[in-house]
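Order as written gives the chain letters A, B, C and D; numbering starts at 1 within each chain.
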Amino acid sequence: MTLPSSIDINCDMGESFGNWRMGSDAEMFPFITSANIACGFHAGDPTEMRRSVRLAKRHGVAVGAHPGYRDLEGFGRRFMVMTPDEVADSLTYQIGALDAFLRVEDMELHHVKPHGAFFTLLRDDHEVGLAGARAIHALAPELIVYWPAPSLGIPFCEELRQLGHTVVGDIYPDLTYDKDGRVVIQRLIGDTDIAFAVAQVNRFLTTGEVATQSGATVTIDGASICLHGDGADAVELATAVRQAVLDAGVEVATVSR
Amino acid sequence: MTLPSSIDINCDMGESFGNWRMGSDAEMFPFITSANIACGFHAGDPTEMRRSVRLAKRHGVAVGAHPGYRDLEGFGRRFMVMTPDEVADSLTYQIGALDAFLRVEDMELHHVKPHGAFFTLLRDDHEVGLAGARAIHALAPELIVYWPAPSLGIPFCEELRQLGHTVVGDIYPDLTYDKDGRVVIQRLIGDTDIAFAVAQVNRFLTTGEVATQSGATVTIDGASICLHGDGADAVELATAVRQAVLDAGVEVATVSR
Amino acid sequence: MTLPSSIDINCDMGESFGNWRMGSDAEMFPFITSANIACGFHAGDPTEMRRSVRLAKRHGVAVGAHPGYRDLEGFGRRFMVMTPDEVADSLTYQIGALDAFLRVEDMELHHVKPHGAFFTLLRDDHEVGLAGARAIHALAPELIVYWPAPSLGIPFCEELRQLGHTVVGDIYPDLTYDKDGRVVIQRLIGDTDIAFAVAQVNRFLTTGEVATQSGATVTIDGASICLHGDGADAVELATAVRQAVLDAGVEVATVSR
Amino acid sequence: MTLPSSIDINCDMGESFGNWRMGSDAEMFPFITSANIACGFHAGDPTEMRRSVRLAKRHGVAVGAHPGYRDLEGFGRRFMVMTPDEVADSLTYQIGALDAFLRVEDMELHHVKPHGAFFTLLRDDHEVGLAGARAIHALAPELIVYWPAPSLGIPFCEELRQLGHTVVGDIYPDLTYDKDGRVVIQRLIGDTDIAFAVAQVNRFLTTGEVATQSGATVTIDGASICLHGDGADAVELATAVRQAVLDAGVEVATVSR
């Protein structure tokens, strides 16, 4: 297999809400090449979105929409049943809202990345997945879509590829993978094992694989590394991961379609 | 003064929320030339927005955004203090969300009309008014703005005009006007006096004036008539008002910039 | 088996929210003996709760709490994953809020009835069920609990019984039952087949059974009949069901522990 | 005038929401004698309320309800118009919800303290104030009410006193007072001037007065000192204020009716 000569680093941004702060956004921007900005449903609010878009502009970081469940209390991490139409319309709404802040700043929407358990719904309910893919395409026919690797065989991702979209596999350095090579989503994220994250990034960049919880390895199709800005050691992790990329002789650069 | 040879008829649409229905939208569309669609803050939800936009398309009705307070419980009719930035960002968000549904349908956003007490805030807090006007301009530099007549001397409207926007004066046939010629916003709207509404429309179209609560008359700069679809007799009122326009020899047509 | 000599009739009440009306509450009260009042999470708001409690008092109807998911947009009918603690705390909160309105009116809380998909979660997640039962017991150690029949073998119901609570089996005249004798919850409820409902009530009162979707019959442990006030023909259905009870020689009376 | 021989120290608690943390609650409890727990409208959620009540129990701290506007985004600090009935019902709902968590822990509700701009509404709209006082009395006829001093002449407070309630004047060591001796409520609270706070506490305990923004002094009727747990230096401030009380020879003790 061909290993990547460059890789994107993305981070969820704009997850504060009203007076509640979350994430060290300003400190994380120097480490990343693309930002997933919350759209007000699971996190974020209009003023936070404007602030995040401007921060991204100042740092030359590409901006994607990070749509999620309308569940502030559960931070979008509680699986909820929705109909295909509801999901499609929710995507249109959230992506459209974020795009407005980009237009005002003369920026272009770079990608969309489904958040938390909303991602799980798009993955596991095939009708929902198809409806979601078509809604994204109808609104932005060339939009890049970020997806936690692996994306092969997922109806949402296959439909997007068929419609001409680039699906970017997303790697989580600090999360574990189950036996099917799927990342494990958690309600609350605890302390980060930075050595583990560095090793996972290094393994991926040099072999194209990650280790699973059972100790086996699995090949995944990643083109971006996902950091989180809400841990106590977020900046430390970002520094270590970025260094691990450079140590592997890989360039850090925004992904393009 | 010159009386209008044609007039627009607009109606608030898409005010249902989840399982709660409001308004006889499908029945009202034949009577109107422009629709103000709620953007999910004071009313409406993503699926309702998609439905409303499609209904408008089928009826050839121009669509505007109807942004309001984030106050479902109060239906956006409770005055709330917000900062200029919050109002600007809220407008960007809501207008952007609605515009996404229009883009999917290959339609263009025709106008914006502030809703309920959000309108009051834009009118009475001058800093907020200026910030709101600039937010609208930054997102959509040629957008028409509907405003309950009279709009002269209102900082929000003056700023919009200076930035090149057309401000369309909105007439409320079924509401009363106070001594300053300002329409009286109510939390709950009761039964409609259709004869009163017909007389008010007729007076306006033939003289350019409306009567105030005290019995005086005042000239107002109207180019659109606002109907409501949530009364028990909404269709009856719409029929009567449209007939009153035709009886006055005035054409019913969407306003253009 | 022993057939009931009296039966309770309950109805979901207080499901309006802000300016959105739902249900013909005032017209339904004369037909019922107990009311399940929404607690502001899936429907209802504080003012609606006060109004509903006062209506119940005037009609001599027993009042229960009707807690649901915090999901106004989905009317609490979208299944959502919650932790046992979250469910327990949500029950404490919602029941406590409703109870306050009863205390102000010198009324006692009669029962609790989980709403919509929140009921499904309490039924299907056993840890959640146990946590929910214990939360109810901790707050109100003698509270009656309404539960869509059948309740046997459900951990939530078994735990409640063991803690000394009466579990009242609830019968849905206008809904269908699946092959396991479980009522089918729908997002949107359509037109009611009144003849079907009357037949179902009559069959239950005279045989203790309901028919399943496949045509078989199943015995269920019902002591209350659930009406809905939000259909176009709600009053017609209520009249017919109440008459069917009387025709079967059964008394209509509130259930007591 | 008689100076107090003992004084209460209260703090707003339970202001986290979902995954968003706010305040150093666990660290603040040792310094206080009464806690104002958010009720889920401007801050807090059911699980946070349960946690806060248990923390208070463990520390032997009296618990009060801290009801606010239903405005998470604005943290209840945006003034909003509500009708007297809405305010009364909102108080019943929020106080009842918190009380349920206390009942489960065999604790008694000690007081109620209106939050943020909700306090401003109760102060400035006299009809609202009377309705709020009566709602509190109807639910809890002997409840203590905390109120930012001065409370004399405020219809809400006068009505409560007439109904037999104790109104406890609340002193804000770290906020400034306007020329009428009224505390200035802010949307965002910045760094704390600890020396200022210590001086303000000392002045109040030794003279019964606070300084106003213009440099004058005004006598206020305080029996409790309000700390905030959400500043970066909250614990430092709490330590200093508590020491200032002891240094003045005044005992720290929960207020009783």
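One rule holds in what follows: a residue touches a chain if its C-beta (ideal position, glycine included) is under 8 Å from a C-beta of that chain, and two chains touch if they have at least 3 such contacts.
The model shown is predicted, which means the values in this text are computed figures rather than measured ones.
In summary, the pair chain B and chain C forms a contact in which both copies contribute largely the same residue numbers, shared numbers making up over half of all those used.
The angle of the rotation carrying chain A onto chain D, fitted on C-alpha atoms and rounded to the nearest 5, is 180°.
Mean C-alpha position of chain B lies 42 Å from that of chain D. Listed for chain A are residues 45, 73-74, 187, each touching two or more other chains.
Arrangement of the chains shown, judged by which pairs touch: all-to-all, with no pair of chains left without contact.
Those residues of chain A whose C-beta lies close enough to touch chain D in the complex are 16-22, 45, 72-75, 77, 187-188.
Within the complex formed with chain B, the chain D residues making contact are 70-71, 73-74, 78-83, 117, 187.
For chain C in complex with chain D, the residues that touch the partner chain are 40, 45-47, 49-50, 85-86, 88-90, 92-101, 103-104, 135, 138-139.
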